[in-house]
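Here chain A shows up in two complexes: once beside chain B, once beside chain C.
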Partner chain A sequence: MSNSSTSDLLKPFKLKTKQQELLISILCLVYILAFITRLFSVLRYESMIHEFDPYFNYRTTLYLTQHGFYDFWNWFDYESWYPLGRIVGGTLYPGLMVTAALIYRLLHFLRFAVHIREVCVLTAPFFASNTTLVAYFFGKEIWDSGAGLVAAILIAVCPGYISRSVAGSYDNEGVAIFALLFTFYLFVKAVNKGSLAWGLASAFGYFYMVSAWGGYIFIINLIPLYVLVLLITGRYSMRLYVAYNCMYILGMLLAMQIRFVGFQHVQSGEHMAAMGVFFLMQVFYFLDWVKHMLSDTKLFQEFLSITVTCAVAAGGIALGVGVASGYISPWTGRFYSLLDPTYAKDHIPIIASVSEHQPTAWSSFMFDFHILLFLFPAGLYFCFKRLSDATIFIVMYGLTSMYFAGVMVRLILVATPAVCLISAIAVSATVKNLTVLLRSKNKVAQIGSTKGTSSAKASSKASLDQSQPFQKNGAMALLFGAFYLLSRYATHCTWVTSEAYSSPSIVLAARGAHGNRVIFDDYREAYFWLRQNTPPDAKVMSWWDYGYQITAMGNRTVIVDNNTWNNTHIATVGRAMSSYEDEAYEIIRSLDVDYVLVVFGGVTGYSSDDINKFLWMVRIGGGVFPVIKEPDYLVNGEYRVDKGAAPKMLNCLMYKLSYYRFGEMMTEYGKPPGYDRARGVEIGNKDIKLEHLEEAFTTSNWIVRIYKVKPPNNRW
Partner chain B sequence: MGKFWVIFVASISILLPFLCNSFSPETPTDRRVLVLLDDFAVKSSHSSYFNSLKLRGFDLDFKLADDPKIALQRYGQYLYDALILFCPSVERFGGSVDVAAIINFVDSGHDLIIAADVNASDLIREVATECGVDFDEDPSAMVIDHTGYAVSETEGDHTLIASDDYIKSDVIIGSKKIEAPVLFQGIGHSLNPVNSLVLKVLSASPSAYSANPLSKLSTPPLLTGSAISLVSVVQARNNARILITGSLSMFSNRFFRSGVQKSGSSTKYEKSGNEQFLTELSKWIFHERGHLKAVNVKHHKVGETDEPALYRINDELEYSVEIYEWSGTSWEPYVTDDVQVQFYMMSPYVLKTLSNDKKGLYSASFKVPDVYGVFQFKVEYQKLGYTSLSLSKQIPVRPYRHNEYERFIPTAYPYYGAAFSTMAGFFIFSFVHLYNK
Partner chain C sequence: MEAWIRARVTLALTLFALLFFVSRSSPPRQFVISNAERRIDLSSHIINVHLTLKVENTGTRPASEVVLALTPTEVDHLAMVDALAIKGKRKKTTSVHLEVKPTELPDAPPIDAKYFTIYLADPLNSGESTTLEVLYVFMHFLEPFPAEIAQSESQLVFYHDTALILSPYHIKQQTTFIKTPSTKVESFIRVEPTNRVGTEIKYGPYEDCPPYSISPIHVHFENNSPFAVVEELVQEIEISHWGNIQVTEHYTLVHAGARHKGVFSRVDYQSRQFSNGASSFRYLLARLPARVHSVYYRDEIGNISSSHLRTNSLKSELEIEPRYPLFGGWKATFVIGYGLPLQDFLFESSDDKRYLNFTFGCPLIGMVVDKLTIKVVLPEGSTDPSPVVPFPVEHRLEAKYSSLDVIGRTVVVLEKKNFVPMHNSHFQVYYTFNPIFMLAEPLMLASAFFMFFVACVAYIHIDLSIRK
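So, the complex of A and B:
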């Protein structure tokens, strides 16, 4: 009785064929694989938040879970950007925090008493797993379910994606790539189906993307571009009209609900393309209707030319007036720097100073994509061979994102899903052709003529009997070759994940002299020292890289942080760091600074320390305060810290704070005292005396040094 | 654990009266004064000055400067509230006292009187240099004034100077006018221009110069005219007060009692101004005058009494502070009309003069500017002679919350109308379009 009833209940869930069972089990395995391959960092180190920005995200998520959504929305954070403060609720993309908080709530509702940190650490892997599912469905939509499956597998382990989604990398990109791909998938689905429901779904997908990451700009420009291409190639259809209009209007209205985005969709230059295409669609629709009504083609041609001219002119005038009156803001520097890679270097040092904004090296493409780099053109070939609305989309996505990936290192991330999908098409199509070849030959031998694919037929016709064994062997060899390459890919991905992308960067690891692993946990040591030993309202000045970490881990007020919204304030700190001590003291006093924190790698050989970043401080400081001149710190255009260094370099605050008491220290056997291991030179100024600051704390490996600002002299 | 606490609390309560006895913010006047002398003869030759201090309740402890037992502190506690160095020729202090110890003594809020003289030792010069004044480098130089000297029976070398060029501050030298000039005989000093805290209390006349009176003047003197300071004071940032003079003899009974007639002037005074000048000055040095304290800094929104953790832009707020002056025995309300409060974030956004109720309560009310950020209530009161008041209290100012804006703006009614009429129109249109075939 009971048995039959349960089987009745399960009936709708029963799988129809063996194939589907296989499919679902593969997807489940991929889902799990995508999650566990990202756990290297937890196993190697511990469950901790990585790098810089994730610490801010973690801090805000903590605030959100503790104070609720409305307080989060209205949060005015006076612990950062002293004394200006920051309206956190209005200057962030809340998607990530809200997602993590919801997962946290859900788990607590289910009586799993997890800490919010664990949720934050595992959010990115979780969403990476979800991305594999989306990739499957997307691949299925573009090509077939085989391509979808391959795409899911490829994206699950692709290093380009893993680099931003390992456990602990609690950053916007972690959920945003999922949202990006999901939006694209829903939009392509909407275009294919021409249904309002899918269009609405893609609008919501877009809303989630806007709430999660500033990269939504890519969507709102790629989709109009895609629509434009379809219009030009004569693929305009009612389906496209419905999908785009629904997605654009609703997506825009929804996106305006995000405080940080606000009215940008109607006011900023970056969003104008989408609006232009929207109006163009209406013109097209109108023309279509007129064509339908008018039977005279000649008359229609004239009408067409007049209408198009008028529409373009009206659009141009509207744009011109909008820009001239200041209603439409011009493109931002970041956007310019995407289109012109040299722009940031010349105009906005603060963007150029970030390493992940540098143009991509060729090797990092190889590193992040491996064989996908070769499969990508092959996939493009297959896409062109079978052009449809969906394949045109993925081709455009692939080509544009590849260009952007070449401009900025971090945008490899955006290109990864496209590369995986297109490569998956190549793999799937090739393997399918080869297997069909193998099978059809057997059938040819047995039956004679079958309903095999056209290629199989053609080959069988052309080669007849004599070349068949050779072809079979060739197909076998190619198949094995493909599997060999794919297995190499899997090995490479795992190796890259474990070696390169699972480092939390606030805990450094190195190989000791005997091959043992040495851990430098200096950052946390310093931040906890700040937390325990300084007054709660103490203000800490450091270069902006460490701002988020100091507020999140040290719980102290900082002057500038990684949200680089106020260039002048950062330039003031840069100026203080590059001035002589007594000049710097004036600036420090005017900002009420109590402690100055510098990061120094001379003892450990840690190369991304403040001395190596110092020229950027000079440049950013000099960009606002012309008293700071870059040539003062260089000798014949060369940046050095040894005896031949520029006199201003040897006496500026940053140099003094980094190398204070370093001149007495032996760092390496056989080298003089004061030998800087990060730069491989003996320092030029060993006798450093501090007048207005005093050393408060130096971590065990000297990586972080904290100085206390002395009060003004009592008798002077 | 609990036992330790009991012992700790008990020991604190026993020690408390002793601890409170020293210089404290509550009773700023000094009590215990260490006087270091070159020899005990000074004790009798300068007895008038010492007696006036004793009469005012100071506990003077006379020691020879090279007494090996002298110590300023024991077990981390200072034994004295003030130090008088009447030992111009000491080369080395006895005991644990040295320049650094004296400077630390000052830097921890204690007062100091230095009287140098001709042939002042390097040690004394060094202490003076640390305090921002430089004695003439020539050890035998004296201040000479051929027009402003004090007339005496014998035509001397004009090193006995009668000066009446005082600082214009009632707080420092008392409100009662000093009629007779002050007699001075000794070494001159100049103020270090870098030091912004040192003040010239008694200046030499423009015709004075500093040179060795016994030798012929071969080169122009380095120190001339009113750049020469005869008596200077310093009020350090922690309100420790220092008096520096180049003449030990100006404190002496002889100078106190002698009559004075300034050259070129016909009036002859029975008694020099020294006693009045130096006594009044010692009152200032020992915090019997000009010592302010600010307490009960309060701020709150208008109509409320509790202090908020942060303000919103455009809030109306009230700020108040109580300022008292120490009269030597008790705290009296300090009444003035020039105390200002700043609402400060990198620069003052609001600068307002506080009004007072003559009982020491200063208050002002103003509107928070339309700027958010971390502000400070700042009172920077630095008036000549008074201890400086530097109060700052940090207070963040936040922008409006999402639900604190006006819900409906009258000027926006056309837009509301447009939105709702469009919605209604669309609804009707859809209805007509769908069902009207």
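So, the complex of A and C:
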């Protein structure tokens, strides 16, 4: 080998590596950016678990690391849903906990002595970083590597995703969005390649998604829909057949290993679409084969009509029989509420009572997507311009998820990756077109100046350019405009992350009179008091929002928690809270409750307290026990707590527990005692006497109040 | 209540009467105590008893062992006993520390008692006399009565003792002063002559008390000082030769006074601070070494935001507030951690060993510790550790795996029960350490990264495809 030949060999390699180096370094930076932009809450507050559900996840992860997988899988939790208990292993998606426990084990194996809490806190940012990589590869698959890079950058800071993946937000979604996008990517890759290996990989991706989040339903309905669309538009191919069959069959079998999902893939209405499409695929394949065998087209047409009719009829009959016999369960309320946004309000108040299940306001779209909202249609335009199997997929993903995002606030999360990818296509395609325009003109000018002779095409283009003298400037301006918009996007995202999405909601922070930071740590004060100073077997009754936190931080048994699997039980608590004290006392005794916990914001002006949630308790309680009627608590349809409030309102247990001895309290200068700062009124009942309960603990800012249930009086 | 006290008193008096008849014989009757003065300080829940004894050798031979007697209940609550010999006349006195050891007396004493022997520095010749000062420190000795109080009540406690000093020797003259924290004394038993002035109750002087004479008394008085007790303190001192000592202290704090009963009302607690929850406490003060850094204060569920750190060149003070005020029987657990510069605490001894010189004790001021465990985590690779502690402790060795440890670190565990602030003193842990071990962990990390990059380079340059 001579020197020159090696250098010839190296030349393209070098160019390639330079590009690769740039690419890899950009990806590394995006990876790091995605991680650190989610650390605001750790820097502002501390490394802690946020919100409500993450506390359950944290508690189960702790259990998993302490007791091992089998104990975790067979765990019967006595501390929640007293006296029913909860079969934890069979009623959760274990993906998140197992992931965190594995990371924890790995780090300990590598001799990094970290606490499991740190692992849990940083799991979501870590997976967000991984999502950026997946977004890059996905973008590369559907468009080109430029679009992939832009997609990675957009998704790294997109507020819609950050809202669920800041450090400490240790929730299923943090891992699930990664799994969702990864599954989609693998499936699209499988469709493009027609390879069994990618199909297998997507089946495993699907399995991970099933193990992590209930949102897998979206995958198992979107993919069949996509396949159906391809079939209808005549894009059926062997690649599709291989990819879908492999993914569906293996994914289904794997998903059955998750106890919470079980046989739902063959038994529940939500999963039937996938099965129907699966059979349709077989019919298509069969028809293809028959077409191949039969040369006579007329005969085939007849055969086709007969087979399709038969197949559809058979499928319909099977479905009908399945539903009628109860083998196939009908759609659940949650599924209905997705298709019909008003359904939950009328039928399932417990779903409607959660703020993140409300229909999305326009402002929150703007807040979470910013310029992506405008880039999204542009991206759709580019996708339609260059239709392929992959772009059809992303278009369908984008459109369906946007619909769901409109139905429920929290499903903006599912739409985010699609919006980012489609917007990335718009950005990448636009910028590429503009730069090509700028560069080609230079090139032409160069060629013209150096060689003098140019091809007819080039000269015609040059003349075209000359005919449009403003084109270059226009392109420059557009390019700058794009960069300006993108930089605005980056600033907006950072601002939103730091201001809106990085508060743990356990610790409340406010600005004091002198501009100093005041911290209200009342929740933990109360939970820690429960943990230390009540009997270990004490039962605590509170509204279900605080159930997970009480069991995780207070380590005490609760009556209801955020799992909300038993509506009657929650309604019983709602009924107790909205009854008079002596009626409530009987319910409390029957539930064997020792302590009652209420959250009260009247002193601090904290507005998401139990009095403001109280109407939902009435509604949910009244949904099961018709004794509780919502109008009893309202005056002319108005909800109030001052002197003009309804008499039942002024004497119900929740009112009494919230405002007990509040009438003596001066909250604000210049206002009468008993002035409720959260609602801005003087309370209506200042002389509250408690007969069966006694104040056991009130936190320093009165946010959490705990009452002890007295034993029944002696009868003689 | 009355009946109960009466029963106790009757019992005690019968015992007392019996004793007068039985008392004879027993320990070496060489000494006579010519004058004894006892001052009992009841102002906090740590009880200090200062006993000044003038001991005279009336025997024929020189003797050097003076025996002190305590009742078994006293011994159970005894945290510390210390003796000094006073020499010289007024204003020119010097004191010499004397050794005190628990002993058993061979002949059965007439009363159930436990003994401590003071070993005099120079034997006392026949006919000579000397002055001894003895300090007893008792903990958990005050009995709250009533045992449960409501938020607005103040805490009353019983103190049980005897008006006559329990001693195996004849005492010619003795006086006892009891100092109470306030003038609020509910009741006390008189053994004439008894005199109460202000916060002080004086028993005596009593003349010519035979050995083992006792006269049970009790004082029932108000004591609202915080009964803060650390049930368990585990202090971990981790030495890193890279320049830092990391101290982590795990506390289990309890209010050991009268139990809180019934309602806790925040509005009363906030608006009427003095009449409400008088015996409860909110603030604790920890005195940390100077140049302390990265201090944290947290518990199992996260950081506790209510703490203040004040530092100056001599000492650092950390004021901490548990999450909630502690009433009787309430508990709180928390962790305090801080870093210290290595050069302030680690020294090299002459024989090429290194030693850590650190305070044996609890940084929280005025705190009684039921069980104190100090774990000194030596750097990986250090050998033959040996602790030097000025008082008897249990010690053992453990191993600990911290970050990037392969063979584990040696941990010297020292355990002391019934720790009171008077125990605070320095202790040393000697060990040998080869500085080469300091490089082990950086080298491990560096090689891991090196391997990773080599793998990357190899991956980029090697073409693994089957087809060309």
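Keep in mind that, in the parts below, the second predicted complex is superposed on the first by the 677 of 716 C-alpha atoms of A that agree within 3 Å, B and C clash if a C-alpha of one lies under 4 Å from a C-alpha of the other, contacts with A are read in each partner's own complex, and residues count from 1 in each chain.
In the analysis below, contacts are C-beta pairs under 8 Å (C-beta built on N, C-alpha and C of every residue); 3 or more make two chains touch, one makes a residue touch a chain.
Bear in mind the structure is a predicted one, so any value in this text is a computation, not a measurement.
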{"item": "Which superposed partner A:Arg511 touches (first chain B, second chain C, both, neither)", "value": "neither"}
{"item": "Contacts of A:Lys18 with chain B and chain C, given as first, second, both or neither", "value": "neither"}
{"item": "Partner chain(s) touched by A:Glu46 [first = chain B, second = chain C, both, neither]", "value": "second"}
{"item": "Contacts of A:His292 with chain B and chain C, given as first, second, both or neither", "value": "neither"}
{"item": "Which of chain B and chain C A:Arg661 touches, first, second, both or neither", "value": "second"}
{"item": "Touching partner for A:Asn533 - first (chain B), second (chain C), both, neither", "value": "second"}
{"item": "Contact residues of chain A, present in both the chain B and the chain C interface", "value": "none"}
{"item": "Residues on chain C engaged by chain A in the complex (per definition of touch)", "value": "262-267, 271, 299-306, 323-324, 329-333, 401-406, 460"}
{"item": "Parts of chain B lying in touch with chain A, wherever the complex brings them together", "value": "103, 106-107, 130-132, 194-197, 234, 236-238, 240, 242, 310, 345-346, 372-376, 394, 396, 398-399, 401-402"}
{"item": "Complex contact set, residues of chain A against chain B", "value": "70, 73-74, 76, 78, 82-85, 87, 537, 590, 711-716"}
{"item": "Residues of chain A defined as touching chain C within the complex", "value": "17, 45-46, 48, 111-113, 506-507, 519, 521, 524-525, 527-529, 531-533, 553, 661-662, 664-665, 694-700, 702"}
